[in-house]
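Labels for the chains are A, B, C, D, E and F, by order of writing; each one numbers its residues from 1.
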Amino acid sequence: MKRTLKSRPEPALLLAFGAHPDDIEFGCGGVIAQETRAGRAAHFVICSRGEAASHGTPRKRVAEARKSAALLGATLEFVELDGDAHLEVRAAHAIKLAGVIRRVKPGVVLAPSLVGNQHPDHARLGRIVRDAARLARYGGVAELRRSPPHEIGQLYYYAVTPEAEPLDMTPVLIDISTPEVVAAWTSAMQAHASQASARNYVELQLARARLRGLRAGISHAMALFPNDPPVLDSLAALSRGARRF
Amino acid sequence: MKRTLKSRPEPALLLAFGAHPDDIEFGCGGVIAQETRAGRAAHFVICSRGEAASHGTPRKRVAEARKSAALLGATLEFVELDGDAHLEVRAAHAIKLAGVIRRVKPGVVLAPSLVGNQHPDHARLGRIVRDAARLARYGGVAELRRSPPHEIGQLYYYAVTPEAEPLDMTPVLIDISTPEVVAAWTSAMQAHASQASARNYVELQLARARLRGLRAGISHAMALFPNDPPVLDSLAALSRGARRF
Amino acid sequence: MKRTLKSRPEPALLLAFGAHPDDIEFGCGGVIAQETRAGRAAHFVICSRGEAASHGTPRKRVAEARKSAALLGATLEFVELDGDAHLEVRAAHAIKLAGVIRRVKPGVVLAPSLVGNQHPDHARLGRIVRDAARLARYGGVAELRRSPPHEIGQLYYYAVTPEAEPLDMTPVLIDISTPEVVAAWTSAMQAHASQASARNYVELQLARARLRGLRAGISHAMALFPNDPPVLDSLAALSRGARRF
Amino acid sequence: MKRTLKSRPEPALLLAFGAHPDDIEFGCGGVIAQETRAGRAAHFVICSRGEAASHGTPRKRVAEARKSAALLGATLEFVELDGDAHLEVRAAHAIKLAGVIRRVKPGVVLAPSLVGNQHPDHARLGRIVRDAARLARYGGVAELRRSPPHEIGQLYYYAVTPEAEPLDMTPVLIDISTPEVVAAWTSAMQAHASQASARNYVELQLARARLRGLRAGISHAMALFPNDPPVLDSLAALSRGARRF
Amino acid sequence: MKRTLKSRPEPALLLAFGAHPDDIEFGCGGVIAQETRAGRAAHFVICSRGEAASHGTPRKRVAEARKSAALLGATLEFVELDGDAHLEVRAAHAIKLAGVIRRVKPGVVLAPSLVGNQHPDHARLGRIVRDAARLARYGGVAELRRSPPHEIGQLYYYAVTPEAEPLDMTPVLIDISTPEVVAAWTSAMQAHASQASARNYVELQLARARLRGLRAGISHAMALFPNDPPVLDSLAALSRGARRF
Amino acid sequence: MKRTLKSRPEPALLLAFGAHPDDIEFGCGGVIAQETRAGRAAHFVICSRGEAASHGTPRKRVAEARKSAALLGATLEFVELDGDAHLEVRAAHAIKLAGVIRRVKPGVVLAPSLVGNQHPDHARLGRIVRDAARLARYGGVAELRRSPPHEIGQLYYYAVTPEAEPLDMTPVLIDISTPEVVAAWTSAMQAHASQASARNYVELQLARARLRGLRAGISHAMALFPNDPPVLDSLAALSRGARRF
């Protein structure tokens, strides 16, 4: 009765959703860099062109996103929903993103956290992706009948800002201490020049990763928040915890 | 600045603390069986002889514990604190158990959960072990100066009963679906004949592990609750989550 | 100033809402069986025909629901909202279900829990029903003016799966240990043959009820989660708590 | 496999513990009055003479407690532990109170809540009583061997002040709207004249019960917090919830 | 790098949103009275005319709201969204209210709390206002381009009823003990005669403020719940806490 | 009925308790610097000489503490309890510290947070201080009869490390962006040379304060966690919240 996952290529593709062109980079870019360096394919789905932001035109922001994804070794596509600052939680959106999941067939999915007190698009996209991951495996959804159901392995949330970190989930910390990983991530954030120049976003994220690293006794770390309890065959991979001070 | 853990033998020893002779088996025996089968050494420290229970003499219970540990492939020792149903949270106890940790040099430590609404000895031992794991790495504790400080990798809590499962920590689930593992664990629980015959303890624990297994789409699983966020180099080991229904 | 509830027939009707044809049975079927056996009328309102599921046609699922409700001694009607996997939280839906409540005049209402990490239709229906129960007693809602306001006694949530159990509400446990009750409930779940054959749903629910029963020192029990603190004239009915091990 | 509770007299005695002479009255006196009026016996165990308070001598406070208990129809005894403002959580205290429980054989036990941010004696006594209720049914506790184990039905917490109400438990509200009950409770509080004259304790408690009553659509109500989920044979007794505005 | 707030008039205007004509008065009217007495301007935005209530015509309720606002020293406008009992969380609503914020330029904004178990319009308006406060400062929202972005200082939630008080935020208590303030607030509540006569709303709110006052050792107090941690230059203003009994 | 606080000198003294010689500096040193610069007197009570740490002799650590306190403009005394790594929660300790509070007569008290997963002495000292602040105002505690009761204004918790930040309290952030304040704080931390040289404590704390500052749109900020809701006469001092990104 063991669940066999053989049909999935190893390591399975990582699929990250972002509400705006820079959310993935600021929220979990270091993890992406770490994973693609280890040979895992990563794909970004961006659900607006950031057209409501104070800085940067949509055209410029799309270009920044393409450059940034390339720096992280990820592919990228845009899937428009309601537009920046206009996103609503609609069943049709979840079905649309479920179709993306069926097409891309990821192992792990990343989405912005569900914490309400952040940019309203973030939490809403998180809820839509959570629903999409479920609908992707239901056989009878009429709009999706052309593509076979797909069951993802796990859904993790990332927090674009510290305020968005969920307090009711124990995170897992990914050690991104390799200098090349930090450098690639930093470059990817800086590629969003229209945003990075307006406020101290890059410094904020590096300080956040450095603080987590210091707590774990390493250089830098980023947190991901699992939607469901992780299942493992052994404690071997889980023998290190973040408690240094 | 990577934290090097080279001095630790691999896989590092698993050290489990129990307040009574049967707590470890009922609370996380399946995980012990799974780990020892995979070649990891396990050691039990039992802090009373169960002398306050309604059934079984201390002498009988010690014998049951020895038999059960052997069935799980673990070594065992008794370290008396205040006695069954008399345990208090004392600094001297934490220092004593920190001395055990320095001697045994575990990678992962297991302790009963901190949830208050269970046998009072359970939560108190959990708190004492948490403190002990910290004191084990402080160089200046006078009583411990003869043994060098030791830093454990991670502390996990197990829940002897469902009521003792912490609601504020995301558990990790260990897949114990191999029939031999379930069989070894069941035998180990039954070895505590004085307790198992009095109430439906064995059925309770198997139903609990089965229910978790069904939720994860596998046969049986047991939950452990990490004291600190797990730190990993990659998401590869964390690609499976428990969401099946 | 005592609130008089005399106009309500005793025992007042039980009204259960389900998002899909089998949700009520899997989530609280044992309680329904227990209550109808004690002479209380029960009525089911099903808000989709389960057309998005991997298994079973809508026609087949409607037939299964009718058979199952009959086995539990309940009447049944279908009230379509947005369709399976398409439900959204709309004010119009709450008003529609408030109309049902005004027509059926229940004492106790049952709805799926509000926990977000389950089938998206479940939590949304729970929120719609919570709002509906409130709108049912407001005199000025234009769409409802033809039927007199009705104030329910209490709203309880049921959890279709263990993941859907709310952690922030103390449940009440209904003792369903009578063998005939467990048998009727089991038959009702098995009547949903299209679903029960695909995954281990029936075993999951029985294990869940058995585990709760073992914790309470009885055979089987099911949990309901009160939306508001229960009000009683005396502690006499509340003299038994679930703590056995 | 039904748990038979036949050996218990009906309705079983109510046993309330208080850290100081007036805690029970201020925290749950209305419930006591309601229950004794309905024919249930109530017994108070007071664990200090209030000797650390700003007002009232121990002798005076003992007299006030006796008068107040009589007004509520309850019997009373003093069981000294460490003294007012000196209480510590000791295993010996839990064993001592377990002995009281074995002697008194209550169905329901009442104790101050576990919330830490109140008079330190309150939360500590709550923890001691919780442990005592468990030790009372363990057969092997040496100090208790002379009296047979006793299993209580349920443990409820009361909150001496609003700050002490636990936020993580759904309370049950007892309707104490009968004027004679409110009057008896008020008299009992006023009997603690040394305390009631110093601060607005009586007004505070009446305002609290009135506020709860208004929320439930009745005159006055008091909250109790169940240590474990209540177990019932039917929803019939639980058909009323507190949601009026 | 200090954030300069010089462009804001001092004390900056207080902007309160209400879903129905009486929500602001019942939920935080005492604070409004306190602030306007101290010379701060206050403005109310009411998002329905209360047309779904059991009592009072829309025309009557608008008149009551105007009278009540005048008693509190506040100005008032109506901004219709979906209508009473029909409110939904739509991006267009948040953008509309963001436009109001840009026009009114408040320092502090007040909105109903996000707790779901209350009148459905309340929590939804709270979420819409939270989003509106954010959108008000994004430069690129097309619908808002005609008015310059505005950054508010802080968002506080008020609770129309005790059930609506958030348990996961530490409130701040505003001391409204001045008799004239309590009198003005009471008059403002009574001005909503169509509602106040139907149920004990005024008594409920006064009892609530009195209970909070008693806990803080003063006459009356009202709680507000900050959406984000307050930032201060000194502890001087925060030297008084509510712990009296 | 206004609570008059006239007998207290303005601004009232700040009293900070630390379990070890460097806890106050690392946990809230920036706030101390900010307050003493504003003319408020500050006094430190250190409850051990740090004799269990891996680095630094007790003599050296006492000297470091004296130097550091001077840099922050605070006075200092040592009050021994059980010794470093040996602290237990005893009523006698709370009474001893209550005596200190009666002698020093502070307005605001600072203590380490109650979060259990940190150095065991920290959380225990926090609990002892919370109790001490209460006992300080009870007139009848025999050991304290020689000094008149004293009622503090507010108790705040500081977190020595990020792990120790309570998740269930909304913090207040003190803006410490003045360069001289950051400099004084940094010097005070560096004065604990025996500790600062062993691990990256100073970098950790500065990164923490910088991250909080960035979130609030200022340079640096530190969080304090109020034990009880703050009480204010007006919202004027609370018009700024931390939400910048």
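To be clear about the criterion, a residue touches a chain if its C-beta (ideal position, glycine included) is under 8 Å from a C-beta of that chain, and two chains touch if they have at least 3 such contacts.
Bear in mind the structure is a predicted one, so any value in this text is a computation, not a measurement.
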item	value
Neighbouring chains common to chain B and chain D, by label	C, F
Classification of the chain B:chain C interface as same or different, half of numbers criterion	same
Of all other chains, the one whose Cα centre sits farthest from chain F	C
Rounded Å distance, chain A centre to chain E centre (Cα mean)	36
Junction residues of chain A - those touching two or more other chains	89, 117, 163, 227-228, 243
Chains grouped in pairs wherever the two touch, ordered by label	A-B, A-C, A-E, A-F, B-C, B-D, B-F, C-D, C-E, D-E, D-F, E-F
In the complex, chain E residues that touch chain A	89-92, 94-95, 114, 127, 130-131, 134-135, 137-142, 149, 227-228
List of chain C residues in touch with chain A within their complex	50-55, 82, 84-88, 116-117, 119-120, 163
Footprint of chain E on chain F - complex, ascending	1-3, 5, 11-12, 14, 31, 34-35, 38, 40, 107-108, 153-156, 168-175, 177, 216-219, 221, 223-224, 226-243
In the complex with chain E, residue positions of chain D that touch it	117, 161-163, 167, 199-201, 203-204, 207-208, 210-211, 214-215, 243-245
